[in-house]
Amino acid sequence: MTLELALVIAALLFLAGIALILLRRSLIFLLLGMELLFNAAMVIALVGGARWHSSTGQVLVIFIMALSGAALALTLALLLRVKQELGGDTVDVLCHLREEADE
Amino acid sequence: MTALLVLLLALIVLMSSAALLVVRSPMHGAVNLGVTLLALGILFLVLGAPFVAALEVVLYVGAILVLFLFAIMLLRTPVQPEPEARWRSGFWWPVILVLLLAAVVILLFTRPPPLLTVIREIGPVIIGRALFGPYMWLTEAVALLLFAVIGAVLAVHRREGHDA
Amino acid sequence: MSEWLWLIPGFPLLGALLNALFGGRCSPRGMGRMAATMPFLSTLVVLALWSTHGRDPHLHDRVWTWIAVGRFHADIAFQVDQVTLIMISIAAFVGFLIHLFSQQFMAGDYGERRYYFYLNLFVGGMLVLTMADNLLLLYLGWEAVGLCSYALVAHWYRKPENAWAGRKAFVVTRIGDTALALAIFMLFAEYHTLNDQQLFVAVATHPDVLVLTIAGALTLIGAIAKSAQFPLHIWLPDSMAGPSTVSALIHAATMVTAGVYLCIRLYPVFAAVPGMLWVIGLSGAFTAFYAASCAIAQVDIKRVLAYSTISQLGYMFLGVGIGAPSLGLFHLLVHACFKALLFMSAGVVISVYNEDHDIRHMGGLKAQQPFLRWVFLAGIFALAAVPVVSASFYSKDAIIATAFMVPGGKLLWALALLGAVLTAAYAFRLYFLIFEGPVTPGEPYRMGWGMKIPLALLAAASIGMGWLQFPPGWSGPDLWLPWLAPVLGMPPMPSGAVNVFLQITGSVATLLGIGIGIKAAQWERRGHGFSRLAFLSGAWFFDAAFLRVFPPAVYAFARFLDRGVERTGFRWAFLGGLRDGFGVGSQLLGIGENGLLSRYASGMVLGLLILLVFAWGWM
Amino acid sequence: MVYSPPLLPLLIVAGAAVIAFLGDALRIGKIMPWWGGGAAIAAAISIMVEKLTLGDFLYWNSSATLLGVYLSLATAAGLTFVAFHPLPRKLSGSFTGLLLTALTGSLMLVGGQNLLFLFVGLELQVLPFFALLAWPGSGRGALEAAFKYALLAALASAQFAIGIALIYLGDGSLAVIPPFSGMAGTIYGLIGVLALLAALSFEIAAAPFHAWVADIYQGAPAPMLIFLSGVGKVAVMGALITLVSATPRLQLPVAVIAAASILIGNLLAYRAGHLRRMLGHSAIAHAGYFLAALAAGPVGTIAASAYALVYGIMSVGTFMGLSSLPENSVAIPWTVLRARQPVLAGLLGVTLLSLAGMPPSIGFFAKLFVIIVDIHGQILWLALLVAFGSAFSFVYYLSALWKPATLSNPDRLLCRRGWEGFAALGILMLALGWVLVPYGMG
Amino acid sequence: MNLGSVFILLPWLAAPWLATRRTGGHCFAMAVALVELVLALVLRLAPGMLHDTSHALFIPMLGALWTLHDGLLGGTLAVLTALLLPISLAFAWRLPEFRALALAALVMEGALFGLFLADNVLMFYIFYEILALAGAFLILRTGHKSRTAALLFLLYTVVGSLLFLVALVGVYVLHGAQTGVYDFSVLILADTRIPATAGLWMFLGMVAGLAVKMPLFPLHSWASSSYGAAAPAGSIFLSGAAVTAGAYGLIHFAMPMLPQAALQFAPVGITLGAIGTLYGAFLALNADNLRHFAAYASVSHMNLAGLGLFALQAQAMRGGIFLLIAHGLVSAGLFGVVAVMEARGLTGEWAGLGGLFRRAPRLGAWMLFFFLAGMGLPGLANFPGEFLSLAGAFQVLPWAAGLATLGILAGVIYFLRIYERVMLGPLNAVLPDALADLRQGEWLLFWVLGLLTLWMGLDPQTVLAHLGTLLSAHGSEALGGGGHGV
């Protein structure tokens, strides 16, 4: 039962992450949502590790952790520049590149 | 027993992520994320991964969340004229999308194959052996990546980029 | 057998080519001389032919292979038999006379070179048509003369109505050409040959009645259109817009007879289908009557003659239809002479009256133009078939008489006889209005020898040509029918009391007609002649109705296809629809591309969702 | 794990990357692009040497070898080209390092036979672009593009992570080949594979994961797009080839995604007013053609790798050409170009035609292979869709070719050098088809 | 390098050279065109010269791509092409866009030669596409310089030809699956056994690709805008030479590959051809200017040719091919007339014309000549083709052929109506006073075209006799006579 429940937690994390990314306006929250997604992946990997009694699950988690951390650091750096140069930290400020209404 | 604990953890995750969804201040968001991450740390312990649990607390709560906090502080505008809108414009379609996604995930989990219930703990030694054994070159690759991230962040924050 | 038959059409065609090549370098006068020489040379060759093979001509000359694919084989090859010999004699000789006449008549015209080009081409085309040994070559000549007819009717192109008349002539005859082409296709599809003689053999051995009926009907349509028979006669009165010489040559002597000639040539095909001949006869008899009834109400000198031509051609068809093609051919010959004469004379009359065609504005010309009066009168005699002294009496009346003899021929006979009355009437009405009565002076006009000789020759022929073949029961020359019998057979001839009755009724009809004609001329002068009868002068309103219906329908259909189908269907609906459809699709999809990050993420999640649904369905 | 020969190319590139990062600090950044180019060529040579050798995690099979050599050479060509471009003047050491890191990731993607390996490769390939797209001196649009790319790519990475975690949960192994035969046995594995497909489809901008691509093409500096499009996407295509050929059941979803991409990409490109956006949208369609080849099953693999290769070459050609124009050009100023850079104009023209699939350019042969394998695989409808899409693409490629445009900023037209390279690329694009054909069919 | 390759590549090499010139190039282009004409005649009259296939670019699985053969049909059409190019260039001589026109036409010529000589269907396809692109370029850069028209032209061709490609690949894959030999050579592909339904679909695809070029009826809409937009001198080449590519592909590739399907398709093809003939005729009747008129007349004729080709019957096919060639000459004459008029500032709108014969009788005479040829007057070039097509098709599908025969009637209606509008009647007041008649050079050109037209009409057998052997070249009895008979 534990593993299934852990998977439910992963699903919860996944859904929450997706909801954050899709619904929130502030870019920070979008990044928070991203972290939830990575955590969901980690939970699943650990469930897998537990299921197969293998260390691979944990190795996977460690890699995910490292890579998501790296990505996050870089994205936050970009976010700071976005704030400085585009003057905001919401999705709405990223609106200059878009399909023109008409040619 | 463990099932109850996990259930409790699930509740915590549910509540904190729900809170994450609705709180206005990024700081509150970060705190809620922290709660979630700590709950996950416990979950990792339950799943027999003490090393990863420790890493979760140390790396995620300790490093990444702090990174967030710094970023939030750097981002904060001195004067907050009005509370920002919580949701992005065009709210309902994504909501429906999320609900549908939830429905599909639930449907998919109605037919799970049975999972093994006996959880054995796998300690840091084994993990370390794995990381520096078969996965050594991958670990090196991640090292390269971190190296690259340093270079990248440096480049991203290079001020005089505009040749001005 | 005779490798020089091609010279006959070759000379005029060469003339046309020389004209086209060097026309710009020569004076129109010189061109005219050259052009006139060519049919003269042809005539010489024809004369040589007469002298060498006149008794029993059977000549063939294959020049080169024209089109040969599989069994579809058509040569440029000429053949001459009795019928052909008559036809080429007419075409070459009358053609030459008209060239001669034109030397003075057309001098100084603004399209003189062009005129001679087409005139030469026409003679050449007509000779090819008549001499062709296969249907395809015949079709070539057929179309070539149609073209020349168009070009010459529209000769004075600066007046839009002339150009229009030419076009009408070509288009209406082309209806027949199309039918003829279809007939050729059918015959080829059935008998796999285009050669006349092989075709006749095949038809005789395997008569497929259905095919022959349809093909015969189509051929008949072709002949009718070319020979201006009802209901496709409508082009001929309008084509009087051309010079009178053209009317004389093309619309009286030669081209319009091509239809009759075709029927005579393909006589075995028609004869193979029961009833087909009678239809031809009916068509001819009705046209003869109908056109005569119209002619009597015309006031334009050339239109009188045009309707008269239609009517006379009707008699020729009647001749073919009653199984007497040799009589039809006889009348064709006679008619060629007197109608060419009448048209040329009419041209002079019109010139005298300063291009006024209205016969009510004429009168008493006999004093001013005595020579013209006499030759014209000879033509009128022939037209009216004045007994004994006119050629037509021997040809036309023979046809009418024979019609009485064939089964189902009483109706045809009655119509033809009625037509004969009317013919005599309008002929003398015409003559009296122009040459008799109070004098309306015209311009002085002096005919040169170049004009007088052709007129005199033709007048003589109009009177004397009939003496080739006396009616049955008369003692006298009996040259025509026996000579033609090897190719066309002997027609059924009346004899005995019936013969006498028929000859008397024919003569009486003519005399009655003359009487009516003289009266009609008087009525006309007083202002209440037949021309007041709109039904008759409007040719039973047939032409008007035709014009009211067909051209507008064609143009409307073209407009419909253009606006309705091409522009609306293909361009607006199909291409435009595609363009707009793509545009709208693109625009709708572009909504997703509004730069909003969350929306992009939504797209990805949507994709994931679809894949997950997919997985769910898969499990 | 000890050193195994197949790793050699990766080690060369990674080592060179580390040195390049240090290059700035050592003030030898100026020569770093050349250094990187040399390293990439060395990697290409070593890949050819290592052809068909099997390592633990990676296998240089024929398509991997082909794409690996191509990726190395394309990076080398791009680096030497960029060496003349003003954009990476500063920090060219870091620039080179990041590109070599991305190349490392790309090679891992192409040759990887292990999901974790692929994941690391993906991250290694994607992360440098976060920075590269927003390279200093490239303006606000580039920043926006970079951030959008970063966020969405992170989302895709998360999906990828979830995907491999699920597969691991289902199969207990991270190797690509062995367990996947039983993939359908568990729902975890199935969902996992689909998540991988979604993530990789995002990276090659296949619909409906395509939304980012036009914005990024529009905003990002053209020199970076040489690599993003001509290297990054091709590498991900290589990973997709590995994944799909190992998982036959994916053919149907791949076919659906391919069809959607062809339709949506072409439709979007139809109205795009901006040249770059048009190219972005058409890239969606190209991803569709690639996937269409992949959907044909085993026979499609070769055609798919050929298409990936061709697509890469065309992208390199396009963006090298566009790199010489001012960044904000919405159309190609043909008249000026013809007068001042005729070779460049010729290259761009040939490239556009090749993208449209005009014979006898390589673009045509690539599409021909796609059609052949689709018909061979009995997915006629997809073959027809490829054909129609290709025909439709003439509309927008040719209007890009015909649209009269003036040069907004004539001074920014790069005039120095490069024409030999352009000419070589153009000839390559015309002639390679003939060389490629035997490979593609053999 | 054998002569055939030189033949194909020479115009392609000349074109870039022309492109680099800023001015002039007239004589160069003309010289190349004339050299090509000589080469074409040499290749046509001495056909053994091509048999050397050692230069074939052999590629596994696609076959020997660059193999040339010396088909009589291809050679004949190549002569036509080579003939039309100098004529087209001569009519364009004084145009400001001469170089663009010459460039496009040279590329088209090379592509046409390539596809006439190609043995490999893929090669044919490649040349076919290049032809389309060059044609679009021609439309884009000459005359009205209409982008829409060029795009429409290209799109129609490209969509169609990609369908052709899909069908071709279908045959190729089937053949490969059956024999293990993957090769695009038509000689090899013709041996494929193809299931009836699939074959029919494939044939439809091929017809869509090839008929669009002719253009056959439902696929014709590009024609009027293309011919209407390009400079008339360019339209000469476009309508006279380029259209033959589609028909050639049909005869030489599509039908031999799928003979059974071709036979099945025959009634549909004949019907479409018949409809198209009349449709084009009626549209020509309602055309709003001279260019569109000539365009629709061309469409009408090509549909008649298509009718002949689809009938798969000895007379009809030869007639169709003959009409194709004749149409090249006649269309050159028609568009030549338009070109001459446009060179004198006459736009071809009806409102600006009328009574022109008075000013330019030579032009009027030639116009009438080509109109007459166009309406299928016997003795001129179109007639043998039209008549044979119809006579042959009549044996296959009488009612449709009968319908198409009405085109003979329609021809006289629209040609004469337009002639009357342009040339006859009173002089239009808006016509410029100083309207020159034909110059010496133009007059000579018309004579060349005219004599050829006359020769083709009077002695078609010279051409037809050679066409007789071409259809059996593939050993395909279905086309030679086993189809719908002789």
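A, B, C, D and E are the chain letters, set down in written order, and residue numbers restart from 1 in every chain.
The rule is short, and it goes like this: a contact is a pair of C-beta atoms (placed from the backbone, for glycine too) under 8 Å apart; a residue touches a chain by one contact, two chains touch by 3 or more.
This is a predicted model, so every value here is computed, not measured.
Between subunit D and subunit E, the least number of touch steps comes to 1. With contact taken as defined at the outset, subunit B and subunit E are each touched by C, D. Farthest from subunit A in terms of Cα centroid separation is C. Of the two interfaces, A-C and C-E, the higher number of touching C-beta pairs belongs to C-E. Chain-level centrality, scored on Cα centres against the all-protein Cα centre, points to E.
Farthest chain from subunit E (centres taken as the mean of C-alpha atoms): B. Per-chain Cα centroids separate subunit B from subunit D by 30 Å. Between the CA-based centres of subunit A and subunit E the separation comes to 62 Å, rounded to the whole angstrom.
Put simply, the C-alpha centre of subunit C and that of subunit D have 77 angstrom between them. Spacing of subunit A relative to subunit B, judged by their CA centroids, is 7 angstrom. For subunit C, the set of residues touching two or more other chains reads 590, 593, 595-599, 601-602, 605-606, 608, 612, 615, 619.
Listed for subunit A are residues 14, 17-18, 21-25, 30-31, 42, 47, 49, 51-52, 54, 56-57, 59, 63, 67, 70, 72, 74, 78-79, 81, 91-92, 94, 96-99, each touching two or more other chains.
Among all residues of subunit B, those that touch two or more other chains are 88-89, 94, 97-98, 101, 105, 108, 111-112, 135, 138, 142, 145, 149, 152-153, 156. Of all possible chain pairs, those that touch are A-B, A-C, A-D, B-C, B-D, C-D, C-E, D-E. Considering their complex, residues 1, 7, 10, 14, 17-18, 21, 56-57, 90-91, 94-95, 97-98, 101, 104, 108, 116-117, 120-121, 123-124, 127-128, 130-132, 134-138, 170, 185-188, 191 of subunit D touch subunit B. Interface residues of subunit E, counted against subunit D in their complex, comprise 57, 59-62, 122, 125-126, 129-130, 133, 136, 140, 147, 150-151, 154-155, 158-159, 162-163, 165-166, 169-170, 172-173, 176-177, 182.
Every residue of subunit B that touches subunit C in the complex is listed here, in rising order: 88-90, 93-94, 97-98, 100-101, 104-105, 107-108, 111. Here subunit E touches subunit C in the complex through residues 152, 221, 279, 282-283, 285-287, 314-315, 318-319, 355, 357-358, 361, 365, 368, 372, 377-379, 383-384, 387-388, 390-392, 394-395, 398, 401-402, 405-406, 408-409, 412-413, 416-417, 420, 423-427, 458-461, 464-465, 468, 481, 486, going by the rule given at the top. Interface of subunit B with subunit D (complex): residues 108, 111-113, 133-138, 140-142, 144-145, 147-156, 158-163.
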